[in-house]
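First chain written, first letter: the chains are A, B, C and D, and each begins at residue 1.
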């Protein structure tokens, strides 16, 4: 399995922020996690609220640990709230099951990690994450 | 009380995976817990997401600790969400109340432990666990 | 980065147990973690106490997360107890800093994960882990 | 109160890594926290172990929250271990009281945040953090 290099993680974050500035979104935070759920890189734009790290990481953490991007976690939470509530407990309280936790995959579909973005509406966060991942030459599952 | 031997636990996991491969299910993880809720054996198939241990264990843990398989826990969660939420708190956040947590019983109905499976849809997970338990010559309560 | 396949993880555990039986050690538990600290496989021999999973995992978890095998963690704990106590807090209470948490490396020295063994004296646990890792064709840092 | 801009946080991390590469230190992780203890930026060099985020953040967190850099926390731990143990409890288990948690101050001595570095020996970590902070035009209290 390939790993996400720091160089590529930086590209993901910068390009996610470029996307956000182009769309005039609110100040953002973005984190890149490896395939084990541990942080490689994080940045919080000036003006973003201080809890954005925790939210961004939780979006990405759930995506990696469950192999499900934020949109799929949200659908499951809508259909079966207690499942996501309890999965959250089993995973140490580390989930935020909404769009903005985006899987990073290689060309064969192997999960290399995830990007978590938080700052604007969830769908806008997810679009910024996707833009960053694709700019780094990898595939995004939103 | 009889206990689940490691030999039998291995059989349960291997046969659960054989069932999953025969049904072309997604990559799986399966854990066998003893009557005290502690792991005897666990395996995660290549390609299953890293959080599958936590989910599989939580499915089995709730089954053992409450003496209720996942389907019964789910029914209770649907009927009385706060009961499962609070039972989860009382049990250290260790429940995931959906099918896939399957009780292991002897011929007299004594609970010897539970198998937890996670990877595909909950009902498919439960069917894999049941196949594993029965292949080991024990009774499954799904 | 290569990953430890389930096939190889099984080999590590079986060969660790073979070593333990050859040396007439107490009943053992052995876990294999991936490079992110998440379980791939675990087995507990008949007669090993129920908390062995937690101890074995914690030995391996600290090794992966800190990049330090159990012997190095123990040396640090002896020299600077508060460092290991607080690192334990920072890592969610997941460390047991004694021999028996053994790093798994490829031929280039890249950490692929760790094996945690618990059951007998710590040095015997570490020797069993090392035997298992080497039998799987990988390098062990004890 | 002035805040550490993302631009300056990036400079701190890059210059800390440049220092580490110049000194041929082990792969590093560096985090910049604001005056409330929340992350602004983080990077982990390729090859650093996955738990480095947790350790680096804890070094910096204790520095900000107690207003004491890592060396002072270590001195207190040596003199009065129970104080640091209990402060760690009161602060949610978030301390690692050794060098490498370095306060960031403005020209008037106001604490703006902290840099946490982990990867090599604690004193080397602290030197890298100091180099990064000073390269960003701010004062470091090691």
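Assume a residue touches a chain if its C-beta (ideal position, glycine included) is under 8 Å from a C-beta of that chain, and two chains touch if they have at least 3 such contacts.
Nothing here was measured: the structure is a model prediction, and the numbers come from that model.
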Chains contacting each of subunit A and subunit D, listed by label: C
Centroid distance [mean C-alpha coordinates] between subunit B and subunit A, Å: 30
Inter-centroid spacing, subunit D versus subunit B (mean Cα positions, whole Å): 43
Euclidean distance of C-alpha centroids - subunit B vs subunit C, Å: 25
Per-residue overlap in subunit D, given as positions that touch at least 2 other chains: 50-51
All touching chain pairs, where touch follows the definition stated at the start: A-B, A-C, A-D, B-C, C-D
Footprint of subunit A on subunit D - complex, ascending: 3, 5-6, 9-10, 31, 34, 36, 38-46, 50-51, 53
Touch list for subunit A against partner subunit B, complex: 35-37, 64-68, 80-83, 85-87, 89-91, 93, 110-111
Partner subunit A, residues of subunit B touching it in the complex: 47-51, 54-55, 57-58, 74, 77, 81, 84-85, 88, 93-98
Residues of subunit C defined as touching subunit A within the complex: 1-3, 34-38, 65, 92
